[in-house]
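Each of the two complexes below includes chain A, the first together with chain B, the second together with chain C.
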Partner chain A sequence: MTLDFSWLLDPLYQKWLLRGIGTTMLLSLLGMVLMFVIGIAGAALLHLKVRFLQSPVTIFVELFRNTPPLVQLFFLYFMLSEIGLTLTDPVTGGRIPLFTGFTCVVLSLGLYNGAIAVEIIRSGLLAVPAQTVEGARSLGYSRLQTFRYVELPIGLRMSIPPMTSNIVSLIKTSSQAVLVAVADIMYGATQIMLETFRNLEVMLLIWVIYLAIASLAVLVVRRIAAAFRIPGYGS
Partner chain B sequence: MTDHQQSAPLIEMRDVHKSFGSTAVLKGVSLSVRDGGVVCIIGPSGSGKSTILRCINGLMTIDKGTIRVGSFAVETLKSDKQLVPLRHQVAMVFQQYNLFPHRTVLQNLTMAPVQVLGENPAAVRERALALLAKVRLTGKQHAYPGELSGGQQQRVAIARALAMQPKVILFDEVTAALDPEMVSEVLNVIRDLAREGMTCVLVTHEMRFAQEVADEVFFTDRGVIVEHGPPATIFQNPTDPRLKAFLDKVL
Partner chain C sequence: MNAELKLFALGTVGVTLVLAALLVTVYGAETGRVLQALAARTPLLLSGSPDFSRFEGGFAANIVISIWAMAIAAVAGTALGVGMISQSFLIRTPSVLVMNVLRNSPWLVVLYAMLYLLPFEIEAFGSVFSFSPMIKAIIGLALPVTANVAEVFRGGVEAVPTGQWESARSLGYRRLQILRRVVVPQAIQFMTPNLMTTYAMLFIGTSLVVVTGADDVLSVARTVIASDGAHYATAIYLYVLFLFFIFCFPIAILTRWLEQRVRVRQ
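Now for the complex of A and B:
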């Protein structure tokens, strides 16, 4: 068996691959932003025991954490296109769907990994020592101020290790985008395979690319963690 | 001073009761502290000493009785907002320091006056630096709590309490977690405060220190104050058998 990578020299395939990488990274980045918003908001509502919102948050978390993300993506895609919300394009005046495949993927990643993030951040908040919280309360900090200035900054730092795997999981899950016709890296790969039949080589390359993207993400998180490390605290 | 001798005490607890579930922890505690007074609370473990302190600054709600601090009726303060002026006046120092580990020493001192009291950051910073000098920690302002020794952390905690410019400081066994050689550096700071006229309520196991600084000593056992009086009486002529037994054990 010989591996043939000569197709990589084709500028068209290079363009597809690069565009795919760009789309995958953008999907992941936007998904992460949504993941963090959902994770922090959900954890805050649970941690502050906000009345009437605790059970909806718990139901949301269980619903999205414990079901396959692919099912969630398809459900979102079909449900949202069913509702058929559209926007008016300010330039052409035409109607464009509000929820494209791209939007659905970002939403789905944000919801799935966000549900996991809720639990991760909540455990981080629970790991903040009760004494630290009491110190804040004794200085007049309200429940909300204590959360904002003491519990959240410490709790988020504590949640960095499990959050790193969640981020990597999000990047991997983004490969589902191809199934709702978003031109991500997997989409580019599928196109190239259809034309060249070098399935093995293409997948090998895609494997390496995902590894590179995930490693880059881990590296960035490590940098952030180092910048926010608390001197003399924990390990 | 003599004009005010008949005036109301700064802290007055009357018949305070507090239970956790079915366990009654305070069963009718009454005590008063005059402005500028130094009061020590001693007693066996679990007798309710920490609970008394936590009730004074509203960290715990009480079931029955009244607590007055200055013009505040503590038991009527319910919301976080109502409690801010009380906590402005009543600061607390804890056994485990309870500092903010993610903030520098200086930030530990300036955070609450700026974020809670809304004071001017520049003025607070200046005051904080002066307080660090007072507790002999000049040069440590940019260190993090985790980089300091226990004695140093506890002095930061005292400076943090002072940064609120309180009228009263509650000390809850603040030397109990310290290595013996660090105890005196912390006690020295407290002694200075007491001499300067800061009102102090100290829960302590340092009997000699209590004897030295206190105007009045309260002995608690099983949720009641069994005996109280000037340190000379409490330590040299105790009357209650439980106090006698306790002193025999600790002295």
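Now for the complex of A and C:
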């Protein structure tokens, strides 16, 4: 079995791959933003024991954690097109669907990994030493102020190791975008495979690219963690 | 167990209500007809046959694939895990490398790669083995899970106090003997919850085998949508979400309960 990578020299294929890498990174970044918003909001509601909201948050977390992100994606994709929300494009005047495949992928990534992030951040909050919290309370911080200025900053730092693997999982999951025809890196790969029939070589290259993106993400998170380190809390 | 039972009740009832509410919101007055259509298609989605006569496709195929993949990953992952805690540099470094590569690769890409990497059939021992889409799916899923199992194995072994190693050593056990007779029996209680989480993750991952052409619940769902009309797509996907939830949620609850028990015993 010989591997032939000569197709990589074709500028068209290079363009597809590079554009795909860009889309994948954008998807993952937007997904991460949504993940953090959902994770922090959900963990705050559970941690502060907000009445009447705890049960809905728990149900939300369990629903999205225990079902496949792929089915969530298909469901969102079909339900939102069934409801049929559209926007009027100000430039052309045509009606474009509000929820494109891209939006649905970002939503499903944010919801699935966000539900996991809720649990991660919550256990980070629980790992904040009780003395620190009591100290803040005795200095006159209100319950909300304690949460905002003491518990959340320390809790987020405590949750960095599991959050790193959650971020890697988000990047890996973003590859399902191809199944709703978003032009991410897998999409470029399938196009190239259709034209060159070099299936194995293309897939091996994509595998390496994903490994590189995931490793890059881990490195960036490590840098950020080191920059925001508080000595004495977490590693 | 009490807190977990409460959570189980809340989760099951709550999620069922949420999904039912979504169904009613999308279909409105048509809900009754849609539910009838779903009921008619239930045997096909669950077993891949219209009357439960065979269990070769649909949700049953997901369960079969997940069990085989987990069995392969358990064996391979344990071997990889033993390699990762080996004292020899020549075994440890490649094992850690393989584990990291497998753990960081997207499942979808591994599944696609297996489609093309594995031959259509191989000839061995005088007979021909053909790789059906299902076998390719099992191997493709087992690979990344192997890395997870190896990580769980290493974590479990490291959770056992080092004193156990030293005292067994002074009794004259060799390294692999200590692992088998002393450390692993104690580490199993730490590994079980994590292994169950890994299995739940694998089961959620079986939704991806639709790309290999195996006859899993999502490909059956797509066939049903193609024959009944795209109008039913939302209802069918809601139903598939519900099936996965009903299977995975009890595992998650059981895992949490076991974790609590292990923590209390320490």
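Odds and ends about this structure:
Following the convention adopted for this analysis, the second predicted complex is superposed on the first by the 231 of 235 C-alpha atoms of A that agree within 3 Å, B and C clash if a C-alpha of one lies under 4 Å from a C-alpha of the other, contacts with A are read in each partner's own complex, and residues count from 1 in each chain.
Quick note on the criterion: a residue touches a chain if its C-beta (ideal position, glycine included) is under 8 Å from a C-beta of that chain, and two chains touch if they have at least 3 such contacts.
Nothing here was measured: the structure is a model prediction, and the numbers come from that model.
In the superposition on chain A, A:Leu126 contacts neither chain B nor chain C. Contacts of A:Thr67 after superposition on the shared chain: chain C is touched, whereas chain B is not. In the overlay built on the shared chain, the residue A:Val50 is in contact with neither chain B nor chain C.
In the superposition on chain A, A:Tyr210 makes contact with chain C only, while chain B stays out of contact range. With both structures placed on the common chain, the touch criterion links A:Leu179 to chain C but leaves chain B unconnected. Judged by the number of chain A residues each one touches, C leads among chain B and chain C. Chain A residues in contact with chain B (one complex) as well as with chain C (other complex) do not exist. Looking at the complex, you find that chain C touches chain A at residues 7, 10-11, 14-15, 18-19, 22, 26, 101, 104-110, 112-113, 115-117, 200, 204-208, 210-211, 218, 230-231, 233-234, 237-238, 240-241, 244-245, 248-249, 252. Residues of chain B that touch chain A in their complex: 57, 59, 80-81, 83-84, 87-88, 91-92, 94, 96-102, 111-112, 115-117, 143-148, 157, 160, 164. Remark: chain A residues 55-56, 58-59, 62-63, 65-72, 74-75, 78-79, 82-83, 168, 171-173, 175-176, 178-179, 186, 199-200, 203-204, 206-207, 210-211, 214-215 touch chain C in the complex. Only residues 129, 131-132, 134-145, 149-150, 153-154, 157, 230-233 of chain A touch chain B when the two sit together in their complex.
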